[in-house]
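Pasting the structures in now, so scroll down.
In what follows, chain A forms one complex with chain B and a second complex with chain C.
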Partner chain A sequence: MERKSVLFFLFIHACALLLAAVILAPLVWLFVMSISPAADLTAKPLRWWPQAVDFSRYGVLLSSVENSAGAAFVASLINSIAVAGMATIAALGLAIPAAWAVSRTPAVGWSLYMVIATYMLPPVALAVPLYFGLSHLGLLNNVFGLALVYLTILAPFTTWLMKSGFDAIPKEIEAAAMMDGAGLFATLRIITLPLAAPVMATSALFAFLLAWDEFFYALLFTSDLRAKTLTVAIADLAGGRVSDYGLIATAGVLAALPPVAIGLIMQRALISGLTSGGVKG
Partner chain B sequence: MSALEIENIRKTYGAIETLKGIDISLDSGEFLVLLGSSGCGKSTLLNIIAGLAEASGGDVRIGGRSVLGVHPKDRDIAMVFQSYALYPNLSVRRNIGFGLEMRGVPTAEREKAVLETAKLLQIENLLDRKPGQLSGGQRQRVAIGRALVRKPQVFLFDEPLSNLDAKLRMEMRTELKRLHQMLGTTIVYVTHDQIEAMTLATRIAVMRNGRIEQLGTPEEVYDHPATLYVAGFVGSPPMNVLDGVATGEGLRLDGSDRLIALPVHFKNAVPSGKRVKIGIRPEALRLVEDDDRQPALKVAVEVVELTGPELVVTGRVGGQRVTACLPPRTKLAVGTTQAFAFDDDALHLFDAETELAFGR
Partner chain C sequence: MSGTSMTTRAWLLLLPLLAVMVAVIGWPLADTVGLSFTDAKLVGTAGNFVGIDNYVKTISGSNFQRSLITTAEFAIISVFAEMVLGVLAALLLNQQFYGRTVLRGLMILPWALPTVVNATLWRLIYNPEYGALNAALTQIGLLDAYRSWLGEPGTALASLIVADCWKNFPLVALIALAALQAVPRDITAASLVDGAGPFSRFRFVILPYLAGPLMVALVLRTIEAFKVFDIIWVMTRGGPANSTRTLSILVYQEAFSFQRAGSGASLALIVTLLVAVLAAAYAALVRKTAGSNA
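== the complex of A and B ==
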C-alpha cells in the first residue's frame, strides 16, 4: 500500500479540478451566454453572470411557427440527425464486415490502407468532383446525398478503428467456435460482435460526431431547409446584419445535446471494455 | 483400425518447409505427445490435423476417412487451445455446451451432458460464471470440458498447461492422465515440456526441424534415444554427451587417456577408429571407490547443488563437462576427483557425424 501525504492528496485533486474547469469553462460560458439578456452580452466590462435569466431564446429556436427562425432551426436539427444517423448506420454496416475481413485476412490489408490514403486529400480537393457527382445523381440539397458524401468520410475511419478492435479479439476464439460447429455468421453473431461491442460503440459515436460537426460539404451541397444541417444553420444565424450572440450560443447548446445524449446512452458500452477472461491475458 | 493416420504430411510456407513428411499411425485410446522445441513444426502438424491449416502434401485420416478438405467441425475432433480460447461473453455452461448447441442437440440433452462433464471436471459450481471470473486452472478445466462434452474421436491439445504456474501444471497433468485412463480417449498433445511428454504419453514423437526424430513409448525414448538430439532433449538434467573415439580396446574420451570398455552389444556396431559421442544420463552415474574393475569416469568436481531430492554434481572429465545426480546425503567435496561408475546398459553411443545412435 502506497502512503500518500495530505498535501499530495490535495495536489492531485486540485489538478483534476483544474483540468475539469479548463475543459468545461467554454461550455459553461456558452450556456451562460444563451440565458443572458442581450444587453449583458455587449456590456463593458463584461458581465460574467447575467442580471436576469432569460430563457426566451430557447423558445425562439424551438418554435414551430412557419417561416420563423425556429422552424428553420428545428428543420436543420432534424436534417442533421437524419444525415448523421444514416451516414453512421451505413458506415457501421459497411465497416463491420470490411474490418473483420481485413483483420482476419492480413493479405488484403493493403486495400484498407489505400482507402485510408484518400483521407490524406484535403476535402476541398474532392469538393468539385463530389459536386458534379451529386448533381448528376440529382442528390444536391438532399439529405440522402449529403449522407452519401459523409459515408465516404466515415466508412474508412470506422473500418480502420474497428479493424484494431477485431485485431484485439484472439483468432483462437473464432477457431474454437468454428470447431464447435458454428458457421461464419453464428460465430460473428454470438462470439465476435458481442466482444467487439465496445469498439463498435466507440466507432459509432465518433462517426456520428464527425458527421454532426461537418460544415464544409454541408455548406456546399445544401441550400435550403430540405437538407441544410445544423452547422450551416448556426452559421446562417451569424450571417445576418445583426448578430445575436445569445441566439448563436443557444443554438450551440441545443446542437450539443443530441451527441451528448448518444454519448450517455453508449457510456456503458464505451467504458465496459473487452470482457476479459476468454484467453490468458 | 487406426483412430488417426498421418501419412507423409508436408507443409511449406513459400520456400520454407516446416514439415518434411510426417508419418504417424495412432490406435484408438492412444495418447500421442508431439514433443519438440518451438519452431519444430509440432503446432503446425496439430493445426493440420485440426483443419486450421492446410497441408501442402500427404493425407490425414480420422477413423479411416480422409479429412483433407473437410471442415474442422466435420472432422469429429475437439481441440484445447494454449490460450484456452473460451468465449468471454458466454457463461461456463454455454461455453461447454456451445458445440452441442451449434449441432442442434436438444436443450434437455445438452444440459445433461454439460452437467455430466462439469461433474467429471469438478466445476459444476462454476457453471453460471463468466470465464473472466475464473482462475487459470478453472479456465483450463472449462476448456477441457468444452472438448470432452462432444465425445469426439480424437482430442487435440495445444500446449494446454504452459500458461499455468508450476504447481497447478502438475495438478492438471495428473488430472489429464486420470481423465485419459478413465475415458480411454485418443489424444494428440503438443508440448515442449519433456516431463509432460514422459508422464502423459503412451507414445512420444520427438520432432525437430519438421521431422520426427523418434517415435516410441516414453521408455523407448528415454532408454534408447534414437538420435543425439532426442538424448539431449528428454531427461533433466540432460544426458551427458562426451566426445571420444572408438578404438580396438574400447572407448577413449577426448582429453583423457582412460579407456572405457566397449559394452558387448556395441562390439559389432561400432567400427574401430570411429569418432563417437558417448551419452550417459546423470542419474545413471553413481559414486564409487576408484578402481579399474568397472567402467567409470574420473570427474574433477566443480559444483555441488542440493535440489532436495537429489544432489547435482557438475565437474569435468578431461576438459569435458559432466553432470551426475546422486542421492542427497552423499558426502562430496568440491575440488576433489571422484570416480563415477555406470552400468553397460546406461551407455549410449552416437555417430559423431550423423548423430544417430549405434544399434545394439
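== the complex of A and C ==
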C-alpha cells in the first residue's frame, strides 16, 4: 500500500508537470519570440532563448510616430478600447432593466428566451444586411457602427447573466423597502442595484472580453485606421508580408495582456460565471 | 400593484432591449431571408427574384457538401478531444499535489487569450521554415525534414484542431472541476468501502455529477465549433486546396469575396438551420440527462 501511494504521488506530479507544460509552452514561446532578435528567430537550429534579450519591439509598437507600424497599432488599440467600451456600456444599459423585469415578472420571460436563442445564429446570417444597413447609415468603417453591431452579441449575453444575478436577490427585500414607502425607482437605486453590483461588474467584464475578442464583424465592417480593431490589425500582421515574426508576437502579447490580466485577477468570479452558463468559445 | 400593470411595466423595461434586438438581429435576419430568394450582388443592383434556385444550387453543389463534411470533422473531433482532455485535466486538478492552486490558475490563460492571438501564435509555431514545431521535432529526432503543417491538405485541418483544442479544453476542465468539487466526499468514501475500483467509481459515482455541466459545455462548444470562422481565417483562410474551408468560411467567400449576396444569404440560412437542428437535438438530450439524474 505504501509503495503504491508513493507511485501514485509521483504519477500525479508527473501529470501535473505535463499539464503545466502543455498550457505554458505556447504562451512562453509567444513571449520569447517577442523579445528575441529577428536573426535568432530564423536561425537553424532554432534558438530557444535569445542571445540578447530585446524589448525594443514593445517601444516600436507603442510609439506614435506618424505612418509607422506603431501608429497603426496604437490606433487599433484605441479603436478596440472605444468599441468594446461603448458596446459594453450600451449592452448593460439595455440589459439591466430588461433582466430585472424578466426576473420579477416571469410572464414576460419568453421574450428573453427569444433574445437568448439568437446566440445560435451564426454571424454570417446577419452579415450581408448589416453591411447594407451600415453602409446606408454611413457607419461602415466607424467605431460607433461597429459598437452597434456588437450589441447583437453582447446584449443577449449580458441580459442572461444579469437575470440570474437578479434572481439571486430576494424579492422580499424590495417588497420591504416599498412597504416602508420607497417608490419603485428609489427601491431599485437604494436596494437592488447595489446588491447586484458584483454581477454587474462580472457581466461588464465578460461583455468587454467578448467585444475585445470579436473578429468577424470587425474584419467585414472596418477598413482602415479610423475603425480597425486590434484583432483585425493582428490578423493583417500575421497574414501580411511582415518579415519580423517577433513583431507579430509582440502585437499578440500586447493584445492578450488586458484579457489575461482580467482573467487572472477576476478568476473566481469568472469561473462561477462560466460554470453557471459555460460561455465564450 | 395589480398583475396587469406589473406586466405592462415589465414590457416597458424590456422595450429598449427588444427594440435594439429587432433592429440589429430581427430585421437583418428577415432581410437575409428575402435576399436568399434573389440573385442580388453585394454592390449594384437589388437583384431579381429567383425563387428557391439558390437553395437548390447550394445544397446540390459540391462546395457545400465538402464544407459540411469539413465542418463536421472539425466540430466532432475538436469537441470530443476537448471533452476528454478537459475531464482528464479536471480529475487531475481535483487531486492533491504541490502547486495545485497555481496550476488551476494557469488554466484560465488559454481561455483568456484572444482567439485571433491564439490563431496567430499557432500559425507562427507551425511556420514551415522557422516554426517552433518543426524545430522541436527535428531537434529531438522525430522529424527528418521540415514540414508545412498548414500548407499540406493532409495536415492542415488536424493542425487547426490542435490549436483550437489547446485554447478550449482548459475551459471544459474548469467547468468539470467545479462539478467534481460538488461531489460529496462521503459518497466517494462509501464507494471505496464497498470495493469499487477507480473505473467503476468514475462511471457510477462521479460521472453522474459531471453529466449535467458537461452537457451544457458540450452544447455550447459544438455550436461554437459549427460556426467556427476566426481561427481558420487567420491560420489558413480555408486552404490549402479548400481542405479547411468550413461553412462559415464558404459563406464569407460567397457573399463577400465573390460578392454573390443572394446565394451567400441562402447558404447562411442553411447553416443557421443546421445549428438550430443541432441545438434542438441537444436540448432534448440535456432534458433527458437532467431527468435521469433527478
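The rule we apply is simple: the second predicted complex is superposed on the first by the 225 of 281 C-alpha atoms of A that agree within 3 Å, B and C clash if a C-alpha of one lies under 4 Å from a C-alpha of the other, contacts with A are read in each partner's own complex, and residues count from 1 in each chain.
Keep this in mind: contacts are C-beta pairs under 8 Å (C-beta built on N, C-alpha and C of every residue); 3 or more make two chains touch, one makes a residue touch a chain.
Treat the numbers as computed from the prediction; the structure is a model and nothing was measured.
**Student:** Determine, for the superposed model, which of the two partners chain B and chain C contacts more residues of chain A.
**Tutor:** For chain A, the partner with the higher number of touched residues is C.
**Student:** Could you look at A:Ile191 and tell me whether it touches chain B, chain C, both or neither (first, second, both, neither)?
**Tutor:** Only chain B is touched by A:Ile191; chain C is not.
**Student:** Figure out whether A:Ala176 sits in contact with chain B (first) or chain C (second), or with both, or with neither.
**Tutor:** Touch partner of A:Ala176: chain B, not chain C.
**Student:** Once the structures are superposed on A, label A:Leu41 by its partner contacts, choosing first (chain B), second (chain C), both or neither.
**Tutor:** After superposition on chain A, A:Leu41 lies in contact with chain C alone.
**Student:** Tell me which partner A:Ala82 touches in the superposition: chain B (first), chain C (second), both or neither.
**Tutor:** neither
**Student:** Could you list which residues of chain A make contact with chain B in one structure and with chain C in the other?
**Tutor:** In chain A, residues 274-275, 277-280 are touched by chain B and also by chain C.
**Student:** Flag every residue of chain A that touches chain B in the complex, lowest number first.
**Tutor:** 170, 172-173, 175-182, 186, 190-191, 194-195, 274-280
**Student:** Flag every residue of chain A that touches chain C in the complex, lowest number first.
**Tutor:** Residues 9, 12-13, 15-16, 19-20, 22-24, 26-27, 29-30, 33, 41-42, 44-46, 93-95, 97-98, 100-102, 104-105, 107-108, 111, 115, 118-133, 148-149, 151-152, 155-156, 159, 184, 209, 212-213, 215-216, 219-220, 230-231, 234-235, 237-239, 245, 248-249, 252, 255-256, 259-260, 262-264, 267, 270-272, 274-275, 277-281.
**Student:** Can you name the residues of chain B that touch chain A in the complex?
**Tutor:** By the definition above, chain B touches chain A via 50-52, 71-73, 77-79, 81-90, 98-99, 102-103, 130-134, 136, 139, 146, 150, 163.
**Student:** Using the touch definition from the top, list the residues of chain C that touch chain A in their complex.
**Tutor:** Its residues touching chain A are 3, 6-7, 9-11, 13-14, 16-18, 20-21, 24-25, 27-29, 31-32, 35, 42, 89, 92, 95-100, 103, 105-117, 119-125, 127, 129-130, 132, 135-136, 138-139, 166, 168, 170-171, 174-175, 178-179, 213, 216-217, 220-221, 223-227, 229-230, 233-234, 237, 247-248, 251-252, 255-256, 261, 264-265, 268-269, 271-272, 275-276, 279.
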